[in-house]
Amino acid sequence: MATFMGINLFGLFGQLLVGLINGSFYALLSLGLAIIFGLLKIINFAQGAIYMLGAFAAYLALQYFGIGYWAALIVVPLVVGLLGVLMERFLIRPIANEDHLYSLLLTFGVALVLQGMFTHMFGSSGLSYAIPDALKGGNKLPFMYLPNYRAWIIVASLIVCVGTWWMIEKTKLGAYLRAGTENPALMQAFGINVPLMVTLTFGFGVALAGFAGVMAAPVYSVSPDMGSNILIVVFAIVVIGGMGSIGGAIITGLGMGIVEGLTKYFYPEASNTVIFLVMVIVLLIKPAGLFGKEA
Amino acid sequence: MSTTRPEKIRINDLHAFYGESHILHGIDMSVGQGELVTLLGRNGAGRSTTLKAIMSMVGRRTGSIVINGTETINMPAHKIAHLGMGFCPEERGIFSSLNVEENLMLPPAVRSDGVSVEEIYEMFPNLAERRYSQGTRLSGGEQQMLALARILRTGANILLLDEITEGLAPVIVQKLAEVLMQLKERGLTILLVEQNFRFAAPIADRHYVMEHGHIVEEVHAHELEAKTELLNTYLGV
Amino acid sequence: MSADYVLETQNLIKEFKGFTAVDDVSLKIQRGNIHALIGPNGAGKTTVFNLLTKFLTPTSGTILFNGNDITSMQSAAIARKGVVRSFQISAVFPHLSVLENVRVALQRKEGNSFHFWKSDKILDKLDDRAVELLESVGLGDFADAKTVDLSYGRKRALEIATTLALEPELMLLDEPTQGMGHEDVDVVANLIKRVSKDRTILMVEHNLHVVSKLADQITVLQRGAILTEGNYETVSADPRVQEAYLGVAADEVHA
Amino acid sequence: DLSDDKVKIGVLADMGGVYADVCGKGCLTAVEMAVEDFGGSVLGKKIEIVSADDQNKPDVGSAIVREWIESKEVDVVTGLVASSVTGAVTKVTTDNKKIALIAASASNAFTTKACSPYNAHWTYNVVALANGTVKPIVQQGKKKWFFITADYAFGHALEGIASKVIKAEGGEVVGAVRAPLGTTDFSSYILQAQASGAEVVGLANAGADFVNSLKTAAEFGLTEMMDVAGLLVFTPNAKSLDPAIAGGMLTTTGFYWDRDEESREWSARFKERQGVIPAMPHAGAYSATMHYLNAVKAAGTDDSDTVMKLMKSTKPDDFFAKNATLRSDGRMVHDMYLVRITKGSERKSEDDIFKIESVIPGDKAFAPVLPACDFK
Amino acid sequence: MKISKFNIVLLGLALVAPFVFYPVLLMKVLCFALFACAFNLLLGFVGLLSFGHAVFLGTGGYVTGYLMMNTGLTPELGILAGTVASGLLGAIYGKLSVKREGIYFAMVTLALAQLMFFVFLQAPFTGGEDGLQGIPRGYLLGLIDLSDNLNMYYFVLAIFLFGFWLINRTVHSPFGQILKAIRDNEPRATSLGYNVNDYKWAAFVISAALAGLAGSTKTLVFQLASLTDVHWHMSGEVVLMTLLGGMGTIFGPVVGAAVVVGIQNFLSGGELGNYVHIIMGLIFIVCVLAFRSGIVGEIQKVVKRNFS
C-alpha cells in the first residue's frame, strides 16, 4: 500500500473522495439556503425537512406511481418546488414585513410538522431506495472502489450548483433578485413583479433541497430525520461561507465535505465537531464568513 | 385648471393610508404633458406620500389616479411603471448588493428613448469614476445623482422626483436645474417634491401647496410674486 | 501641540480599494469655533467624520484630540473622551420617552451602567439635569412624550440635547439641517449657535445659508484633499471654490 | 392482596423512533395479548395497562416511569428498549421497589454493574449475541476482525464482549471505528474497514444503523472482499434489506417466529393484530408479562419482593422461553438461536427471513452470575 | 418588583400547588419557566435570538450531575457550580456571538451549541447517550432530605423565585435601561459612548448563567442529566415557550413553559406521543402567523383596550 511519511495515501485519497461526495450534498443544501436567505433574508429551517421530503417523494413516486429515479429527478423537484411556492404564498408572505426571526421560527415549525408527519406515517427506521440500474456497479480506482452512483452525485451536484451560481451572479435576473431583496417596494415601482419573483425563487431554493433529497435516496436510507441531522451542519457551512453568498455556499459546502473527510482519516473522534470548530475559527478571524460581505 | 396640454396625471379624491393612519385626505390634482409641477409643504405634509400613492407604494389608497388615460387605482404596483413612470424616492433607494453601473442599468426600460449611459456619465462624471464601486458606498450626494440618473435611463416620460437636490453641492443643484429644463423641453412630464424653493421656483410651471394631507393652494408661476406672502405663511420661508 | 486646537489631523489618508477618498488631510480645529467642512459631493467629508469617530480606520495619518493621539482608539472610547457625533439620519431612541433619551446619555458618567442588581430608581436623580437640558433646546414640555411621535425638527433638537448631556468638548454634526423645512432649519441653526458657547463644533453642511451664518472657520475639501481654508468671505470669494462647489450663481444662493 | 386494588402494567417503548419496529407499539400489543390470554384479571382484580413513548430518551423515559409509579399506581414496567432509557428507568424502578421486565434492551449492564433485585432482563443481551454469532465464525477460521460500532453504550458493550470472545478463540481484532447513532453515511467507515486487512467486519450496531452500514458495505464492494457479520439483526431490519445483500449472513436471535408450531401459532395471532410478524422483543415482552402475572397470582400479592422471589423460583415456560430460568441476578436464561438470513431464492414467503442453523443452550449463550448480583 | 395583590395570590397558589398536582411535574414547569425567563431576557429585552440556549441548560445539568455523583457536594453547592459553569461557557460563547446581529446571531449560537452537543456526546464523563443516571438529590445544606418530593419542590420554588426576581431586577435596573436603549438604536448608543457589545455580552452571560441554574435544578429534580437538554430541539422548545407565552413580557415565559410542559405531559401517554412534534410545530406556525404577542401579550392587549 502506498504510504507517505507514515500516512496511508490510499486511505487518505479514499476519505477525500468520500468527503467530496458528502460535500456535494452540503453544497446543494447550503446553496438552497443561501438563495432563500439572500432573497428573503430568512433562514429556511424547513430546508432539511424538504430534503427529507424529496427523498420520500422519490420513494413514494416509485412505490405508488411507478415513477423511476430519472423521472423523479425532474418531477420531485418540481413538485417540492410547488410546495415551496405554496409555503411562501400562504405562510411566509403574510409575515414578510415582520422581523425575520419570525420566519425562522415559522419554518422551524414547518420542519417539525413535516418531520412529525413522516415519522407518524413511516416510522423512523428508514426505507430503502434502489440505485438506478444504469448507475449500478463501480470502478476500481488505484486507491478505492468508486461506486458509479457516488461519482454521479459529484457530477450532478456540480452541474446544478454552477448553473445556479451563474444564473444568480451573472444574469440580469440575478440582479433583479438581489435588488428585489433589498427594496422590494422600489423594484415594484420600477416595474418588476417582485412578489412573483420572490415566490418563484423560494420555490427554486426549496426545489434544490428536493433535488438533493432524490439524489440522496439511493445511498442514504430514506428516513424522517435525515434532514434534521444534516441541517445544522449546513447552517454552520452557510455561516462559514458567508450568509447569502451563493458562490461561498457552494465552495464551502464542497470544502467542508473534504475537511470532514480529512478529519475522519486523521482524528475520527472530531469528525462531528470539525465543521463547528472551523466555524468558530472563521468567526474569530472573519466575522462575516469567508465569502461574506460585512453587514 | 388652466392647462390646455394633454393630461398625463389626473388625480381625484385620493386617500392614502399606512396601516391605520390616514395620511392623504382627498387629493385632487393634475399634471399636463411637458409640465413641471411641484408639491410644496412642510415636513410631514404628505408630499412624499402623494408620490408613493401614485406608484402604489402606500398601504392602501382609494380615489382615482388616471395616468396617460388609464385608471390605475386598482392596478398592481409593478404594472404602473410600464405606463412610462419613473420614480426617484427621497431615501434614494440605491441597492447595496449592486455596483454603481448595475444600479444604473437595473430598472427595466419602460420606453425606448431613454437617456443613454454615455450622456448620463457626461452629466454626472462622479458616477463614471465610481462605476464599479458598491452602490451604497457612494457619498450621499453621489447616491442622489445615481437615483436620478437611473430613471432617466429607462425612458420614463412621467417623472416623480422626491427631494432630488437634497444633500447636493450648490454647483450640482444648478446643473440639475438645467437638466430638468432640458427634460421639460423634450416633453417630459415632471412632478417634483422640493424643500428647496429657490431651486424649484424658476423652473416650475405650477405649484401645489400641501398641508396635513390636503392640497391647500395652487399657485401658477406667474402668480408667485403676488402670492409670496401666502406661501410664506404656508411654508415658513 | 498648541492647546488652542481641540482636534488636529496630520496627513490623514483613507483609501478604498485603490480609491483615495481622503487624501493627506491635515485639519486644525480651533477650540471654541464652529468649524464647517464643505465641498462637492464625494469630496470626502463624511469619510473624514467617520475617520474622526473611528467608524472607519484611517489608512495612514494621525488624529490628535487635545494633543493626545486617539488614532487607535475605539468608537465608544472616543465618545467617552468627549468627541460625539450626530448622524445624517436622526439618531434618537424612538421607543424611550424624551426624558429617558437624555437620561441614557447622562447615565454614562454615573458608572452604574452594568449594575443589573440595582433598581433603576437610582436614575431618578438625573431627571432634573435632563429636564434642564431639554429646556435648553426648547423641549421642556415634551419630557414625557414618546419619542417616535416627535416631529422631525424636534427629534433633531432632542438629539442635540442628548449629545449635550455628554458634555462633549467637540461635537461633530453631519448635515444637521438636511431634509428640514425652512422653519426647522432656522430653529436648528439657532440651536447650534446657542450650544456652541462652551464647546467646539465641526459640521458638514451643504446649506450655505447656515454655513455663512454659523461658521467661524471653513475648510473646503475637494477630491479628498483640502482645497482651501478660511472664513466664509475668503472662501466664497475663492474662484476655485466657486467653480468646484458654489457654482456661478453663488451669490444668488447665498442671498 | 393488591396495591391500589389492581395490577397496573406500564409499557414504555419507542413508539415512533428507530426502535419502533423492534419494540414500539408491537410491545404494547404483545403485553395486551398476555393480559388477555391471562384472562384480563388477577386475584379477581382488573389488570390495567398504560403505555408511553420514551422517544429513546433516558430523561423522557425515566420521568414517565417516575410519574407512573409516584402518581399513577403502576406496579410493573415492561417494554424497555434503548439501553440508555432502560438504565435510567431501572434506577427509578429500583428506588421505588418496582419490577422492570426488560424485553428489548441489549446491554448486559442490568444484570452486572447496574444489576438490581427488581430487574428481570428477558429476551437476550450482548453476551448472548457475541457468543452466538462471533464464536462459530472464529472457530471456522476467520480470525481477523474489524468492527463498525454504534458509538454509545450498547455498541461499546457489544464490541467489547465480541472482542473478548474473538481473543478467547485465538482471533485478533485489527481495528474498529465508532459511528454515531443514526449515521446516514457509512462510506468513510466502510473504506476504513476495507483498508484494515480484516477477514470479517463485525457490525456492532442495530436497527437503521445496521441496515445502512450493510447497504453501504455492499455498494463499496466490501461484501465481495470480506465477510460481514451482523451482531444484532432484528427481523424487520433484515426484511427491509435486499436479500442479495443480506442473504447468507449469520446472526443470533432469542426468538424466531417460524421455529415450531407453538411459535407459529402465537406469531400468527400477533401478526393479525399488528400486521407484521413479531420480532424477538415482542415475544419476550409477552413471555415476561405472562410470567409476572403468573407469579402475582401464585403469590396472592403484587408486592415486588414476593413476586420477584416467585418469578425466580418458578421456571418460565411458553412458546418463547425454552429451557428457561430467571436467574438470581435477574438474567432470564433460555435457548438462543444461531440463524442465517435467507437468500432471495430460498424465500417461500415475505416473512421467510431467517433459517435456524442451531440452538444455543442458555448456559452457553449467557455469562455466569457475578457474585455481586446474587441477591437470592 | 412590586408586591401587588396579584403576586401574593400567585405565590399562595405556588405554595399549595404540590398538594393538588404531581410535584415533579410542577418542578419541571418551574425549571422550564426559569429557563424560558432567562432566554426571554435576551430575546425579549435585548432582541437577541439565541438559538442554542439549550447548551447552557445542559451544561449546568451535566456539571451539577457530575459533581453530585462524584464529589458528594451538597445540592446548593452543586447547583451553584453548574450555574457558574454555564455562566463561563456563556462568557465564551457570548464573546464569539454578540458581534453578529439578527439571524446571524441565531445561526452562530445554534452552531456553537451544536459543537458542545458533540462534546457532551463524546466526552468520557457525560455517559454519552445514557447521560448521567441516578444522580443523588442529596441533603440541602446537609440537613434537609431532598429525595422527598415536597422538600424538593419548595427548594425548586425558591430557586425559581430568586431567578425570576433577578431577571426582573435586571430588566428594571440601570443596566436594563442601557439594554433598552441599545435595542432601540444601536449606533446611537455607541455614539453616546456605550460599548454595545459589552452590554449584550453581559446580558448573555446573565442569561446563560440563569439557564444553567435552571438546568442544574432540573438535573437534581430528575436525578438525570442527558443529551436532550443540550439538543437543538430543546433550544427550539424554549423559543416556543417564550413565543407562546409572550416574549418581552414578564410572565409570558412562565405561562408558555407551563403550557408546553402541560401539552407534552398530556401527549406523552400512549398513542398521542407520535403527535408531539406535529403539535409543537403547529403551535409554532399558529403563534407566528396569528399570535405574535403570545398568550400574555394578547391578554395585555385586551386589558389595555378595554380598561384604559
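Think of it as A, B, C, D and E in the order they're written, each chain with its own count starting at 1.
Quick note on the criterion: contacts are C-beta pairs under 8 Å (C-beta built on N, C-alpha and C of every residue); 3 or more make two chains touch, one makes a residue touch a chain.
Source: prediction; values computed, not measured.
Colleague: Using the touch definition from the top, how many steps at minimum link chain A to chain B?
Modeller: Shortest path length, in steps: 1.
Colleague: Measuring between mean CA coordinates, which chain is farthest from chain E?
Modeller: The most remote chain is B.
Colleague: Report the chain whose mean Cα position is at the greatest distance from that of chain C.
Modeller: Ranked by distance of C-alpha centres from chain C, the top chain is D.
Colleague: Find the geometric centre of each of chain B and chain E from their Cα atoms only, then give the gap between the two centres in Å, rounded to an integer.
Modeller: Comparing mean C-alpha positions, chain E is 53 Å from chain B.
Colleague: Roughly how many whole angstrom separate the Cα centroids of chain B and chain D?
Modeller: About 78 Å, centre to centre.
Colleague: Distance from the CA centroid of chain A to that of chain C, rounded to the nearest Å?
Modeller: 48
Colleague: Quick one: report the Å distance separating chain D from chain E, using the average Cα coordinate of each chain.
Modeller: 37
Colleague: Which residues belonging to chain A are in contact with no fewer than two other chains?
Modeller: Chain A, residues with two or more chain partners: 119-120, 269, 272.
Colleague: Of all residues in chain B, which are in touch with two or more distinct other chains?
Modeller: Residue numbers touching two or more other chains: none in chain B.
Colleague: On chain D, where are the residues touching two or more other chains?
Modeller: Residues 16, 180.
Colleague: Identify every two-chain combination in which the chains touch.
Modeller: A-B, A-D, A-E, B-C, C-E, D-E
Colleague: How about chain B: which of its residues touch chain A in the complex?
Modeller: It comes out as residues 55-57, 76-82, 85, 87, 89, 93, 95-98, 102, 105-108, 110, 154.
Colleague: Under the touch definition given earlier, write down the residues of chain C that touch chain B in their complex.
Modeller: Interface residues on the chain C side: 16, 19, 39-47, 88, 151-153, 175, 178-184, 206, 208, 243-250, 252-253.
Colleague: Within their complex, state which residues of chain A touch chain E.
Modeller: For this pair, the touching residues of chain A are 37, 41-43, 91, 94-95, 98, 100-106, 108-117, 119-120, 232, 235-236, 238-239, 243, 269, 272-273, 276-277, 279-280, 283-284, 287, 295.
Colleague: What does chain D use to touch chain A in their complex?
Modeller: Touching chain A: residues 16-21, 24, 177-178, 180, 182, 184-185, 187-188, 191-192, 194-195, 207-208, 211-212, 215-216, 219-221, 236-237, 240-242 of chain D.
Colleague: Touching residues of chain E toward chain A in the complex: what are they?
Modeller: 49, 51, 96-97, 99-104, 106-108, 110-112, 114-115, 118-119, 121-122, 232, 236, 239, 243, 274-285, 287-289, 292
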